[in-house]
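Given below, in the form of structure tokens, are the structures.
One chain, subunit A, appears in both complexes that follow, with subunit B as partner in the first and subunit C in the second.
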Partner chain A sequence: MSSASSEVFLRDGAGQLVKAELHDTILQRHLDDHKHQWKPLIAAQSEQHGHWNWEWKWSHFSPQLSYQFVALECNGQTQGLMIVNTIKRCRIQQQANKHLVYVEYLEAAPWNRRDIPNWVRYKGVGTVLLAAAIQLSIDEGNHGRIGLHSLPQADTFYRDKCGMTDLGPDASYSPKMPLRYFEMTETQAAAFIH
Partner chain B sequence: MSKRTMTLNLTEREMQVLDELCAKKGLNKTALMRQALRLYQAVDTRLEQGDKLMFENEEKKEKSELVVL
Partner chain C sequence: MKLQLSKEWFENRIQPDEDFEVGAGVPTDTQECANDTSGNEQEQMTDEEFAETLAFGTLIQFMRRDRRLSVEQLASAARVDVAEIVKIEFDPKYVPHPRSVHQLATFFELPQRALLKLSNVTMVHNNQLRDAAYRFAANSSKIAELSHEERVAMTEFVEFLGTQDDD
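Coming up: the complex of A and B.
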């Protein structure tokens, strides 16, 4: 599988800008990094998404055109992974039934998580991946509209930092675990990008 | 991801529907046709797995199966 990559920037622990590459697919080396470098740390922290298996996700979703993939690499190491769905539709009244890009899975490498003290190697992984989802939405003609269900640990990030509209817990996602559904309008997307 | 170009031949009626859907959804023709292809594949995959494609109207309490060939 070939991939195209574009240059983006993250910040290192000292706050300095560092170059990173955003790939428009997930490559075997990204899956290997997840398995051998992320997984042991995630397991040690009992994360809410500790059961996520990116090899399975890749093999299950990659044959389907409705899914697209993004990997973020910096310093030869995978820093973030994302899978989006391009056939879902909006729920906010003002844009109901219009197409959006739905973020199925977004994960930053455990050493980039801000809620784990003294671990942050690169800042901005979640922001860059969300910006990539917005750009994809623009490229698809959806004007930046995106949506996602958030794990509780990320609710504040999507609501306060990204400015997405919080539509509350969604029982249709899972009655046992009704994650909150967040959606971004065209206006919110423009504000986030700028 | 690199893209390839093809010519698509449509009847007047098909082109009219395509234009109408593009206007309604705010998409250009390429985006709409790509969306249609994704949806067709997603539906076909689920049907091959033995699933049914259903439409439900909660207000009217109606449920009907869409038979896709």
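Coming up: the complex of A and C.
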């Protein structure tokens, strides 16, 4: 399996832009980083911040052609991971039933989280991954339309920072954890990446 | 996917003083955690699981030998660690990384879902697959050259796996 990477930038703890690599697949080293570097830190903190078993997800979703994978690397470490589904449909009235790219899972490395004091190494992981989702949507002919269910602590990022439309809690997605559903229109996507 | 955004875009879009959390999708469930045995030897293994991983390792070794590849050549071609190939071929208690199974399935053009079940990466099984794995493992020996009988057994087993590649 071949993979391509794009040069992107993150902002380090000193506020400087630093080069990073965006991969259009998840490689074994990314799964290893998650297993050996992310998980111990996550376990050392609390269960309050959700986490994902990426190796299991990779094995489950990779045989299915409708899923695509993205990994973000900086300084030799995996900084963020994302799985998207390319055959979901829109919910916003003005684009109802049109295809979009749906972000199934998105996670930043634990050392990039704001809720863990003094750990933030890089800012912009979510921004870069969302830009990648928009690009995938454009590549699929969906004009940048994307959707996702946000973790509660990330609602302000998608609503205020990214300009996505908040369609409210979605009990049909997960009754035990009715996350808010956000969707981005073509216009919002164009505003985000320009 | 190729992302082509200017450095200025990142300069403007990622502010030094921004303070946002990110994350999407329902966090992992206990089932996923329970299934997370890959990349390790599994001490507590049933006879059926043992037969399946033995059959998986034997199948990979047969396919490799049939193509006259060394372990290193296969590791390079399939983009799997050499140590992982060695464990898969010689340690029937080893549960491989899902990605390795995927890579090997892709390289050898084997059905992925059936191979994930056979390698015990997924906990979904069926009795037909287990019976076939028993037969294949019992009729195989890991020697230098594939005999005619071993090649026939391998071909039949691969054809059977192709019928098991469903959910």
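Here are some notes:
Everything below uses one rule, namely that the second predicted complex is superposed on the first by the 188 of 194 C-alpha atoms of A that agree within 3 Å, B and C clash if a C-alpha of one lies under 4 Å from a C-alpha of the other, contacts with A are read in each partner's own complex, and residues count from 1 in each chain.
Here is the rule we use: a residue touches a chain if its C-beta (ideal position, glycine included) is under 8 Å from a C-beta of that chain, and two chains touch if they have at least 3 such contacts.
Keep in mind the model is a prediction, meaning the values are calculated, not measured.
By the touch criterion defined above, A:Lys98 lies against subunit B but remains apart from subunit C after alignment on the C-alpha atoms of chain A.
Using the contact criterion defined above for the overlaid structures, shared-chain residue A:Leu17 touches subunit C, although it does not reach subunit B. Of the two partner chains, subunit B is the only one that A:Ser66 touches; subunit C does not reach it.
In the superposition on chain A, contact of A:Leu81 is made with neither subunit B nor subunit C.
Touch criterion met: A:Gly141 reaches subunit B, while subunit C stays clear of it.
Which of subunit B and subunit C touches more residues of subunit A is settled by the count: it is C.
Of the two partner chains placed around the shared chain by superposition, subunit C is the only one that A:Gln153 touches, whereas subunit B remains out of contact.
In the superposed model, A:Cys90 lies in contact with neither subunit B nor subunit C.
Common to the subunit B and subunit C interfaces on subunit A are residues 4, 24. Residues 1, 4, 6, 8-11, 15, 17, 22, 24, 26-28, 31, 35, 49-53, 55-60, 62-63, 68, 70, 80, 83, 103-108, 113-115, 123-129, 131-132, 135-136, 139, 148-151, 153-154, 156-157, 161, 173-174, 177, 179, 193 of subunit A touch subunit C in their complex. Residues of subunit B touching subunit A in their complex: 1-2, 25-28, 31, 34-35, 37-39, 41-42, 45. On the side of subunit C, the complex with subunit A involves touching residues 1-5, 7, 9-11, 13-16, 18-28, 32-33, 35-36, 38-39, 79-81, 97-103, 106, 112-113, 116, 121-122. Those residues of subunit A lying in contact with subunit B across their complex are 2-4, 24-25, 64-66, 86-87, 98-99, 140-141, 143.
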